[in-house]
Every structure is written in C-alpha cells, then in structure tokens.
Amino acid sequence: MPLRDECGVIGFYNVEDASQKAYYGLFALQHRGQESAGIVSMESSTGKTYTYRHMGMVTEVFSRSILRKLPGDMAIGHVRYSTHGASAPRNIQPLVVEYHWGTFAVAHNGNIVNADILRKELQREGAIFHTTIDTEILLHLIAMDDSEYIENKIVNSLDKLRGAFSMVMLTPRYLIAARDPNGFRPLVLGRLGEGWVVASETCAFDLIGARYERDIEPGEVLFIGESGLFSKYLSGRGKRSYCVFELIYFARPDSMIFDGVSVYEIRKKFGEKLAEEQYIDADMVIPVPDSGVPAAIGYSQRSGIPFEMGLIRNHYIGRTFIQPEQGQRDIGVKLKLNPVKNLLKGKRVVVIDDSIVRGTTSRKIIRMLRNAGAKEVHLRISSPPVTHPCFYGIDTPAQKELIASQKASSIEDIRKELEADSLGYLSIEGLMEVVGKAENFCYACFTGNYPVDPIGVERTLQMSLFEISKEEEK
Amino acid sequence: MPLRDECGVIGFYNVEDASQKAYYGLFALQHRGQESAGIVSMESSTGKTYTYRHMGMVTEVFSRSILRKLPGDMAIGHVRYSTHGASAPRNIQPLVVEYHWGTFAVAHNGNIVNADILRKELQREGAIFHTTIDTEILLHLIAMDDSEYIENKIVNSLDKLRGAFSMVMLTPRYLIAARDPNGFRPLVLGRLGEGWVVASETCAFDLIGARYERDIEPGEVLFIGESGLFSKYLSGRGKRSYCVFELIYFARPDSMIFDGVSVYEIRKKFGEKLAEEQYIDADMVIPVPDSGVPAAIGYSQRSGIPFEMGLIRNHYIGRTFIQPEQGQRDIGVKLKLNPVKNLLKGKRVVVIDDSIVRGTTSRKIIRMLRNAGAKEVHLRISSPPVTHPCFYGIDTPAQKELIASQKASSIEDIRKELEADSLGYLSIEGLMEVVGKAENFCYACFTGNYPVDPIGVERTLQMSLFEISKEEEK
Amino acid sequence: MPLRDECGVIGFYNVEDASQKAYYGLFALQHRGQESAGIVSMESSTGKTYTYRHMGMVTEVFSRSILRKLPGDMAIGHVRYSTHGASAPRNIQPLVVEYHWGTFAVAHNGNIVNADILRKELQREGAIFHTTIDTEILLHLIAMDDSEYIENKIVNSLDKLRGAFSMVMLTPRYLIAARDPNGFRPLVLGRLGEGWVVASETCAFDLIGARYERDIEPGEVLFIGESGLFSKYLSGRGKRSYCVFELIYFARPDSMIFDGVSVYEIRKKFGEKLAEEQYIDADMVIPVPDSGVPAAIGYSQRSGIPFEMGLIRNHYIGRTFIQPEQGQRDIGVKLKLNPVKNLLKGKRVVVIDDSIVRGTTSRKIIRMLRNAGAKEVHLRISSPPVTHPCFYGIDTPAQKELIASQKASSIEDIRKELEADSLGYLSIEGLMEVVGKAENFCYACFTGNYPVDPIGVERTLQMSLFEISKEEEK
Amino acid sequence: MPLRDECGVIGFYNVEDASQKAYYGLFALQHRGQESAGIVSMESSTGKTYTYRHMGMVTEVFSRSILRKLPGDMAIGHVRYSTHGASAPRNIQPLVVEYHWGTFAVAHNGNIVNADILRKELQREGAIFHTTIDTEILLHLIAMDDSEYIENKIVNSLDKLRGAFSMVMLTPRYLIAARDPNGFRPLVLGRLGEGWVVASETCAFDLIGARYERDIEPGEVLFIGESGLFSKYLSGRGKRSYCVFELIYFARPDSMIFDGVSVYEIRKKFGEKLAEEQYIDADMVIPVPDSGVPAAIGYSQRSGIPFEMGLIRNHYIGRTFIQPEQGQRDIGVKLKLNPVKNLLKGKRVVVIDDSIVRGTTSRKIIRMLRNAGAKEVHLRISSPPVTHPCFYGIDTPAQKELIASQKASSIEDIRKELEADSLGYLSIEGLMEVVGKAENFCYACFTGNYPVDPIGVERTLQMSLFEISKEEEK
C-alpha cells in the first residue's frame, strides 16, 4: 500500500474510435496514476493529431463531447502520478510536437537516470525545454539526430537513454512501442480486431475486449504500421531487471505481466511462502485491503488459519477529501480502513500487508486493531524489508525515511516501533524462489544492487519553472 | 449488489465544529446515498441555522471553506439516493423552514406509505408544497398541529405517518431523533465527549471517535437538549419489523445495527448456512465483491472449499463515467469487475452473491467467468428469492421485473436464464434461523407479508414540478 | 449610478420555445438585477412545469442544453438583485409550488411593506416559509383563501399586499400580470405573433421582436388565457405613484415606461432643465457614463457648452473582479472610469451625474478629474438631493448614510465634502415640470412624502435561515 | 467595430506584488484580447518563475489565491485574441522556457511575416515546436545563437524577425522590452515608484498609478536591470510605420500612444475632418457606440448638427451568450445595439462608425434605424475604405470579403449594398492631414502599400496540432 508507481500508458493502431478505446484502457490503468490524464489521437488518413490533457482522474478529465473531438484510428494515452517533474499542467503527458517531417507524440512510464546530464548537454546545443519531465529529452534527441530515416532517429535516440522506460509513440506512419533493455516496467501487446493495442498491463485489454499477444521485449522498439509489425533493438540488451515490486504491489491482480505471470497467483504464493517462513499460531488471518488480499488468502490456505475480512475499506475517498485539521490527525487511516469490532474482539490476529515503507500506516493499523479488541496482533509482510530507494520509476522516499534502513534497525527494532506482537517479513530467498527465473528481476529496493548505475541521478538541475494548476485553487 | 437504500442521516448535539463532524459522518454513510448531500448547522447560543446542500458525493459537495461557513454546536446531515421524489436540487435534504416559534430542520431515511393521502389533505387545508419529497408532509403537520408545545406538535405529527422513518430533526432547543414504531430502518445513538450523536449506522461513530450507546427504539422520539435526554413514544408500537435486507446487503459490514447485530458476522453466517443447505463440490468459492465477501468466506469455511478473490473490482468508477455507446453494451459489468483468468481456468467455481433482483448482472458475471475459462459455474445466493417490492424505503423495481416473481418461475427456470450450472438460494427458514429473534424482522420482499399496509402507496399524485440540476448538463 | 433596482420580470403566453424567448428578454433586462436568474416554463397541453434557477448573470446561468430542458409555450422569468431576503440560492425566483388545484409560479419586482406582519400572521395559522423573500407570502395567502375560483383567490390575496409589486404568474390556465394600485414599478404588455408577452420594460420587447401594446394599469390583474384577455382590479386604486427614479436612473434609456415616456428623452430634458437652473460658464460638459449621458447631452445643447466623453468606462469588470487589498483603495472608481487627460488639461469642466447617494463616488470622480489636469470641476446633478430611503423596492442605504440628509447639510456643505468648485441639483419643481402629470409620480426619496405608509417596514422578523451559495466559495 | 487586434502585453521590474499589478494592467488592456490571459512572475532574489495561463477574460482567469501563488517583484503578462496560431490552451502566452543559462519568458503583440520560413529552417536544424504561435521562433533563435552574452543573443535573434512585434521578456537579470524597427504596434514605458513598467497602452498606467515616461522606440531593445536601463538597437531602423488603425479603432480612447497622440482627440478630429469633407444636412448625429463616439462628437461640433446617443449598447453580452438558432438570425446586432425609437422617429440621421470591413453589421444597423422610424440614414465613416488585408497583427478577413475591395466597387455600389441614403468616407488625404507626420504611419489596409514585404506570409505550413480547450466543451 505504501509506494506509488508513476504512470500507465496505452496505444492503438488501426482501431475505430481509438480515443474512446483509450479512455476505457486508461480507466483500467487508473491505479497507475491518478493525478492527470491525456489522450492524443491521430487520423491516419490526414496525419492530423488532436490532444486533450488535464489534471484529474480519467473519468473527471474526459467527457463524451471531448472524446468526440479526438477523432482518428490511432491514439496514445497516459495516466500519471508524478515522481520527477513538478505536478503541473505543463507536465501532463502525452507530449506532442511538430518536427519538420511531421507530428510526434509520446507517453512514457519509467525514469531516465541520465536525464539531467542529457538535458544539460542538449541545452548547451540549443535545445529549449518547455516541461520538467524526462520525456522531453527524447524529443530533442530525435530532433538533433542525423539519421535520414525516422525509424533510425528514434532507435538512436532511445539508445542514449539510461534507466527505465516503457513508451508508446505516435507518428503519422507508426504506432511505436519501446521498452528499455532491462525491461524494468511492463509493456504488453494485444490484438483488437484488425488493429493493435499496446498497454502497461493486460487488465486494459480485458476491458476493451483485446487479446493478449506477447510482451514487448526488453530492448525492443516495435513499429506498427501499414505494412505490419517490425522490430528494431536497442544495444545493451542482456540482463533483464523486471521490477519485482510490480508483482508485489503495483500491478492489478487481474493482470498478467512479465511474460505471463499472473499477479494474483504470485501474490498468493508470496503469502503461502510467508506462512511457511513466518508461521504463528492465531485465530484468524486478515489482509490490509485491497493489496494484501491475495497474500492473506495464500497465508491462510497454507497455515490453516481462517481468512477473515477484518478491515473494511472505504472506497469513496477521492482527491477532494477535506483533510482533518490539527487535533484529529489520527483520523487519517480511519478514513480508508475500519475494523470489524465484533469479529476481532479477544482474538489473536495475523495481519498481512504487501510491504512496509515508512511504517507509519502500519503502526496506525495495529493500534486500530488493538482498539477494536484484538488480543494479539502479528504483522506479516509478503516481501522483504525495503532498505534502498528506487531510481527506476517508483516513488520511494529518501533512504533515511525507510523504516528498515534506519540506524542498524533489526526486525525486532521495527517490531517495537510498529507496536506489533510479532513481525515477520518474507525472506529475499523466499521471494526469489517464488518468482522463479529470479535472475530476470530487479531487487534493488531490498538489496541496493542497482542493475543500472544510478549515479548522476542526484538531481543537479534545479528547475525554476513553477506552474499553478486550477485544481490547486479549490 | 442490486438494490439501493435511499438515505443516511446523522445528527449532533453539543459538539464543537458540528458541521465538520457531520462531514466525516456522512462520508462514512456515503454507501447509503450518493446522489446528494446536505448539512444544516445551528448555533445553540443564537438559534441561527446555516445550510448547504448540493447534488453530488460528500467529498464533491463540501469544501473546507463551505464547512467554515456552517458554524455551530448542533448539526444534522443527510446523504440521499432518491426513491420517490424526483432527482432535483429542490429535493435535497435536510429541509429547513421557519415557523413562528423558530427554525426547524429535518433529515429523513425511509418511506411514508400514506404520503399521498396526507399531502392531498394538507393541500386542501392550504398547505403549499415546495418539494416532491415525503418529508415535507411532516413540516406541514407540525405547522398545523394545535398543541401548545413543540414537543407535542412533533410527536402528534409523527403519529400520523405510516411506514418507515428514521429521522433526525433540529430545533433551537433540541436535537431530535425519531424512528417509526416498526423500526424498519436502523438509527443508533452515540456519545461524543460531552455531546451526543445520532446516525443511521455505527460505522459513522467509528470514524469520528464516538461511542455507541444504544439504538433509538422503534416508536421512540428522543429529545436531546440542555437538560439532557428524554423520550416520548409513538402509538402503534409492538410488532418490530427490522429490514432484513439491511443485514443482507445495505448496511456496511463494519456496522452494528438492530440492537447490536454485527453485519459482517451475520453475513458470514448466512454463507455458512447456505453451505449447509446448498453444498456443491467445487475447486473454489469466489464472492461477487464487495458485498458478497463475508458470505463467501462463511461458505468457504463451512464447506472446506478454498476461498479465492476471483473477480477484481475497479473502484475508480464514478458518476461521471462515460457509458459506452451502442455495440459495446456488454462492457457494463466489465467496468466494475474483471476475472483473474489464470486462477479460474479449468476450475469448478462457486460464486456467492447476496441477492438476485432482475438477474441481468448475474448472467453477465456467469458469462464473464465462463469466458475466463471456468469449467463449471455454480451460483449461490445468501438470501431467498426476491419476489415482492419493498414499500419501506428500498428501491426495488416493479414486481414484474423481479426474476423470481415472473410467471411461475421455478429455481430451475431462473438457473437456465442465468446460464448457471447450478443455482441455490438460502431458504427463508435458514435466513430466519441465522437472524434469530426472527419475529422482529420484515421479510416482505421474500414473502409478500407486509407488516404495514402499503395500500394507498400507488402514487396517485402526478407531481408536475420538474427541476433541472447543473449536473444534468454535463 | 448609485442605487440599484431589485428585479426584472418577464412572462410569455402562447409563444413557441417560450423559455428561449425568456432568455433573450431577461438578457435585455439584465440591468435590473445581476445576482441571479431563473426561468419556469410550462407546457399548456400537459400542465407540466420545468424550472431552472441559479446564482449569476443570465448568460452565465443558462446554456443551450438547459433551455432545451425547459420546454413549453408559456414561461416566466426573473432577474434579481436582492434588497430584502438574504442573497442565497433558496431565494432565487421564480418561485414554484404545487397546490391541490395545480402548479403555480410567480416572479416579483418590488417590495411589500406589510410583509413581516403578514408573514407572522400566516405562520401563526400554520404556514411554513421556505424562503426569506416577500413573494412567498402571496403563495400562502392564495393557499389559504376560501374562494372557489383561482382567479378570485389570486385577486383577494394581492389585495392584502401593501407596497410595490409588478408580478408575473403562471398557472396551467393563465399567464397573469399584476401591478400594485400605485403602480410603483413599470410593467408593460406586448404582442408576439399570436401570443403575448409581459415585461418590466419595453427594451425586452425590442430584442425579441414583440410589439408594445399598453402598460399593465396600476391595480390591474390581467389574466391571459385560452379565451383571450380579461382584467380584474384591486381595491385602493386612485392615486398613482410611478417611481420617478426609474426615469432618472434605473430603466434603460431605450425603454418606454409609465404610459409611453421615452426614458432617453426625459433624461435629456432633465439635463436641459438643469442647464436652465444651474448654468455655469465652462469649456466642456462631460457625463458620468453611462447613466449620465442623456442628461449631459441635454445640458450641452441647452447651454451651448460642448459635449465631450471625458471619462471612459471599462465594461469588462464583472462579479469576479479581485478587489484590491489595503493601500490601493482608491483604485475602486478607477476600475470603471478613466479620464481622457489631454482633453481635460487646463479646462473648466461641468460633470453631469444622475444622482448622488452617499457621495463617495462623486468625490473620487472629482479628484480623478483634477488629477487629470482639469482647472475647474463643476458638478451638476439631474435630479434633486436624495434625502429619504425608499420602501418600494429600491436599494437605498439607511437615511444617515445619505449625504444630503446628514446634519443640516446645505448644498454648500455637500459641495465642500465633494471638493467640487460648484454644485447644482435639479430642483424638485424643475423635475416635476419636466415629468409633466407630476401628480402621477412618487418623489418620496426627495421629499419624504410616502404615498403608502411604510410603518411596519422596520424589519421585526430576524430570519435565521442562512444558505451558502457555491459562488461564495470562489 | 469590425476588426480585432490580437494582443496586449505588460511587464514590471522592481515592483512589489508584481503579479497583482499585472492583473490590473491586463484588465485595463482587456480590449486588446479577450480569449486568454496569462502572467509569469519572477522573484529576482531566487530567479524562480511562477506561471498561470488560462482561456478566458482576465477577471475569469485569475483569482486572489492564484495571484498569491505568483510571487515576485518582476512579472510579464499577456491578453490575447488569436490571429495565427489555433485557439488552444497550448498557445496561451506568455511562453516560458528553461535555457542552460536560466529561465526565459516572453509575451508578444504583433505578427512575424517570415515566421514560416524561420520555423522550417529551425526545425531542419533540430528545433522542436510545442506551440503554433510565432513567438516560439524567437525562443529557438536565442537558443541557437552563438553569442556569449544573453543580451547579444536576444538582439541577434530579434534582428532575424520581420514584421510587427512589441514584446516584453523576462530573464533572471532583466525585464526587456523590444519593438520592431517599424514600430507597428505601440509600446510605452512608465515609472512606478522605484520600479518600471512597460505596456501596450498608457491606459494600463492610469489604473495602477504609474507615470508615462516615453515610448519604447521603434527598433529599440530596452534592458531594465539592477544597474538601471540601457538600450540596444535593431538594424533596419529608419522608416516608421505606426499602425494608423490603432488610432482609428483599436486603442482605448483614454490612451496616448505613438509618441503621445491622444486617441480620443485624434478620433474627434477624424470626425471633424469627416464633417468638412462629407457634410450633409440632418437632424442629428449618432455614433455606433462605443468606438464611434469621439468621431461623432467631432462631426457634430464641426457640422453644428446635434449629437445624440440614438443607439444604446448592451454591455452584458459575454463569451457564453447563446446564439439564436435558425430563423432568428437578425437578432445578432440587436443583442448589442438597440435604437431609441422616440428620438429617431421621422428624423434625418447621420450615423458615424469608425470603419467598414465586411459591411454586414453596417447594413443591419441601417435597417434597425429605419425600422425605428428614421426618415433618412446617412452613413459616415471616420476612415478610408479598407481594401487590403493587414499582415502586421490585425485580424482582417481575406481581401475578397472586404466590401470595399470587391469587384470594381464604387462608393455608390457600397452605399446601395448597405441600403444607406448616402455614404461618405474620410479621404486618405484627410486622414493623413489629421494624423500629421503622415510618413510615420502605415496605411497599407487602405492603400496596399506594405512597408515590410509580406511575401512568404501565405502560410505554407499546415500545422496539424489541434488541442481542445475546456471552454469548448460548454
């Protein structure tokens, strides 16, 4: 529950009313970003593009009449929670620009670790930056590339990026999907009638009735055009580094990502493994909903301790909720979660959560369960302790705020701070065993072993462009 | 999942920043009505009232600056989904009027079966109706009552109402809570510091830190004022008729209503009983989330068939969602629910839902599960067949639209129509056994035995007042 | 420029798309009220009414799609600037209610002086008030009237009102127009094809292409129905008391009101008379635009001193203008008016305004002209000193705030306070002479001779209903 | 009345709460552009910039809380009516970008005739365009300039532009004001306490209490920084080409522009000259308000024919007005103007307008006056016939739509088409005589003699970027 992935992307080629499909697809990807949404559509017959982007959730941003003004059989879309790049209207994706050879639009999920270095170089060569998002760097690389053909311009430019990117792009001839050589973020290809669709997760396919074909491969740049599909490949391919946190927390449980892994099933297996490693006798197993549910089911089935829905989640909370003023601070977690008192009274409870970042929410939940009458509260986490920040697109706090990396904090220290009767994490070995093909995944947030050198990522450029959004004014 | 209750109410006496508390309370009661929200606050020192009401969800309707303009230590609030009374700004509760003896505000949950008869009589006597909601009738009854004291005016007026009402009222002297003699709808009393709070369900208490004291009794009119609490009683008390559907579907699982029944636990018991009555061999039990979850857990535990979260619910869907146009109709249920394909493939599945009304959604879910690869789909319902409409505040369709009351439809007929491999309902006897003190509940929607005569309820008055809301214009 | 009239009304009978016509008519009457706007339409075939009312200007309140949801061949409309009745959504007119004999809608311009007395009586008899506006009193009087026929109910009820009212009403059978026996406020009848239109001023007719027929007479209640027009008359007719301030300031110059007086021409004559009475040698005559223009033209033509547009008015200022913070207070008048410096430099200037109320704006204008380089500034007012408040619908401040009624203030005292080189008002005799049929007009604000006893008008009822509008929250 | 200028600009240096001053200044310049508004503020101490831009009028776009989020002692602002560059959110000025040496913001009034040529060249060299407005070209020229110092970069880049530009720019060190060598558009310098202000017209100075110092000279690039003011000069200076249409129609009458010409006074003189050249005996002279007023006063004073305000203008019309549907087309002009019937009846009327473009509005006005009863309608225009389009920033229609350039249309042909009894234009000689220093002005729209070669201005680039604004959705 604690971390936020930054973005979801989707793209369509040769699909009727592509912008409407993009709307439904972005709706299915809403969990990947709730801050802003945008769609760029293109009519392949004329090459004209139509753009609409706004702060807000997908259902707030778009109306039927807006979708009608986004005609075309090609489209890309984006939902965003910002990591880098201030939260401002100017930064809403997709980006759209006009080159001398035509229009180009791009939507990006991930984080470019050499962004600041590239940005400075480009500025010295005369590039002007209108936004503070990394994606704009690609636009300038393409503009300045000497290659004759656009296909090569794009591949050459992507080759200069380091870090994580799963992207969809639109030109008058192609829908293009690209994934960094490590394949940090997911990106899947599907079929929709005679047309094609690319999306961050397969849950977007289910809603629009598309059929999953395959993943975009790490390092692949897939061009979808009139004459069909062809791929070019980025250099540096080899070691894969799929983000294991997508499986643990980010992706939707009904998605299949990273070459067909069922997110629900692997989470359940994390729970089973956790039961093996961290069994404790208790009266019930309860999840922190919604993300802890599959692991709690797995824990319950393996341990034989009954599964119960001891915490009820309120789903009506939205961005406009009025935060309580001083003196009511502890209402925070209560707004989302409420215990079922009668159920918990006098009981020994195992609580399953997917991860702990700062630990503040976990402590509140444990107190809430105790106040509801639980006799014992045992916290079990279906992933190892998070000790290092992510540089590939996940919004982790600074290392010093991670409860598991503070001081020489032992599990026992954390347990005390969270006020749990016992605490158990899934081991890194257990995690790897469940994942299988463990070498294909990135565990940097648990181990500090970064597959792509993040040096240079300490933001040296202090962007001084602030833009106010209408939403801020409410 | 199929029926909608109409309203939630809340009231405060001697509570600092009462309107802010009302905001949080209504937020906790949001599941009882998402169409409009309103708060009336009162300063007991001056008797001044402040009103804000608008179409929309609680978090959309109120902002911090609006709450600041609702000062006072008393307040009542209301969330609404309209049953009778057109959906229009004029009908948003609470209602507030000025009598010669002062201000009076009221918020109402329920349905008055003799509303049209009373309305006509009152109009003949010179009453003017500004709204089309039943609650306005009470205002006129009070205005025309001859009693000297306001306490008697209110009790005499409530005595003329037939049907279901759980109400909170505000006068310069009292917060008043009233519940009809049958006690159809819940209404609970809590303590908040030195002050008092009344709400539809206890989940509202949990969020604001109030302590549950007791239910407002059927037929009780509770006056909370400077000198403490005192009660008067309506005539006609005796037979209780708590709405069993509040337990089956409406109330939040973390609430305790009807003299302390835990909603979660009784739903789980419905599931256990259902497993006893309607066992079938299968690979997994899955709920239709969220309302079917406790019953599915109960079914799983009693039957020993593993519980799985085979359908994932998307909670981002809001009122502004763009419904798909012709040719994409089947997207309807998909927007809310998506199956976990890998989990279901080749499996025999028991699906647990709380009730079936029209049956259209059930059929879509069954098809969705089959398309996801389920080998067998067995539908189990944790309540008996709904065969009769409700006249006490629940928005059931006309009898002919109820799948279980059509023709001489047998369970087998329904099963065929829903395309299930098997279908089983909880029996009425089983339901009563689980409920305990069965005589205290209303089962009219299952049996047609109406505890209060609904004759006269066929709306004879064709209100011709239409009002347009801004929301309609989007 | 200083006073504000409260309302404009319009009504249609047997006119296609009546609500659209009402929109244009209210737009033409926008100067009579900018706070809120509302339209009630009715289909004569079904008797169904459709209402839309909102805070804001006519063009802000209505959209094409809203007008489409207001079908019917009958309609009434209202624009409002509140005098009595707090500025709140609940008080937006027209009012619409349901009697036992059907729907009734009303829109009102004027002020009822015995409102509080009637309100209290009605409340004692059991009436409930939903709004704080006087118009609601009429609704209750009608509801409680014993007459058999609606025509008599309405006339009897209007007969109980004292003060100023020009009203339009809608019933399933009639469009009704009523004017108080004194005829304080204008109300005119026009023909539109086969149908009829009633409006506050003829400028509304011009825009929709209607033809002026005649004024609704003082004391007349005109019923327009299927069988044509017929009138009933209120008691107390005799002395007319047309509001002379409508001619001086309120009405639009392109209107004809009060039996065909051209507002532009009479204002010009006020200016001519003013030149005769208050001539002074100068280089130019300039108006305070826009209301002072016709009088300034008259003054210039009679005096022979050239007319110049020495003050330019900025028309972009709207309700949402951000008022300057402390230390920039004098920006107030500057926002609306800016002098033409080169024109004024070293010149002797006669400034013409229609009236002075508090005097604060006049002083600022005079200072502004001096700062722009004017050598002499002579203020001439095309009406007599305002010494008494109005009780018939004009929003004058309390008497003590009227500059001309303070202390034993002589013209010379006022001149000093306004910092003018000279000051001259039109005499009451001059005013009467220009008006002609002087006995038909009310001059109470200049003389204190009130044609209808305003005793009882000191608001004794402290309404305690406050309602917040969304607009306040910006 | 017929043409629209495109933009107004304003800039501040060393002024407390610069963004608030910019708000008032833009409000005073609102007549130069009503489509969008934007402000960029900068804190000189930190170099941080803050941006807010939105579709809408100044008072709609900004709120107090937004202004508070635009801190700093430097600011530039812009109001816009688009000529080139589609009307879209992306095109709202000021533009703000980040160079390697810091932030740069610019706001522009005018039109660059070699924009497309430059744009193509820049794109070939690797520039990416985010907007479709000409101003972005300057940003790229600066980015690609080899000069060491920013001052030179800016001057070199401006030197490459051809056409009309009056600009304000903001860097961390300077407020910069630049005007093209011909000086087509006005740009004035003022003093505000210890600080400086630059604006399109002096009317902006009046509102904020600034003192006019001098014009920015044609070809001057003025740098205002910590060490005071210094100027650099563009090549190509020599021939001045002030837009005479600013005097005839665009500028506000209370402004002084083009080295101190009083707009009001020169318009009055155009009217006087017109009376000399095109006298006709009549009963009254009336203006088409508001722009025709000064010329009508001049005509009246010189001819001795009385001035009257025979057409009343409705100022409430806004962008959201609902245009009438088919069958009511002639309501168009009526919404803005309404005749004073009694005044006009049976009279011979001289109507004064500032110019005729298409002629459609003039014909409607003449018909309106005749319907109001005028016996004769004589149209007099205070400028020569418009025969050629403008390429320097004025939104004229294509040449074929200009009534005076169609066929071999004589004045008599135009008169017939407008249905006037007589028609007279001010001669080009008369215009020049009144203007004085006639060689300093551009008369291209009357003569076709373009002072800067507009060849290349035929837009060759078909921009295919469309962006939808929220406003469109209403």
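We just call them A, B, C and D in the order they show up, numbering each chain from 1.
In the analysis below, contacts are C-beta pairs under 8 Å (C-beta built on N, C-alpha and C of every residue); 3 or more make two chains touch, one makes a residue touch a chain.
A quick note: this is a predicted structure, and the numbers were derived from the prediction, not measured.
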Q: Identify the chains adjacent to both chain B and chain D in the sense defined at the top.
A: A, C
Q | Comparison of A-D and A-B (more C-beta pairs in contact) | A | A-B
(Q) As a test of understanding: of all chains, whose mean C-alpha position lies farthest from that of chain D? (A) B
Q. From the C-alpha centre of chain A to that of chain D, how far is it in Å?
A. 48
Q. Where the CA atoms of chain A average out and where those of chain B average out, how many Å apart are those spots?
A. 37
Q) Among the residues of chain A, which are close enough to touch at least two other chains? A) 63
Q | Touching pairs - complete list by chain label | A | A-B, A-D, B-C, C-D
Q: Using the touch definition up top, name the residues of chain C that touch chain B in the complex.
A: 46-52, 54, 63, 65-66, 69-70, 90, 96-100, 102-103, 120, 123-124, 126-130, 132, 139-140, 143-144, 463-468, 470, 472-473
Q | Touching residues (chain side chain B, partner chain A) in the complex | A | 20, 23-24, 27-28, 30-31, 34, 57-60, 62-64, 67, 203, 206-209, 252-254, 256, 262, 264-265, 293-294, 297, 300-301, 306-309, 312, 314-318, 320-322, 324-325, 331, 334-335, 338-343, 474
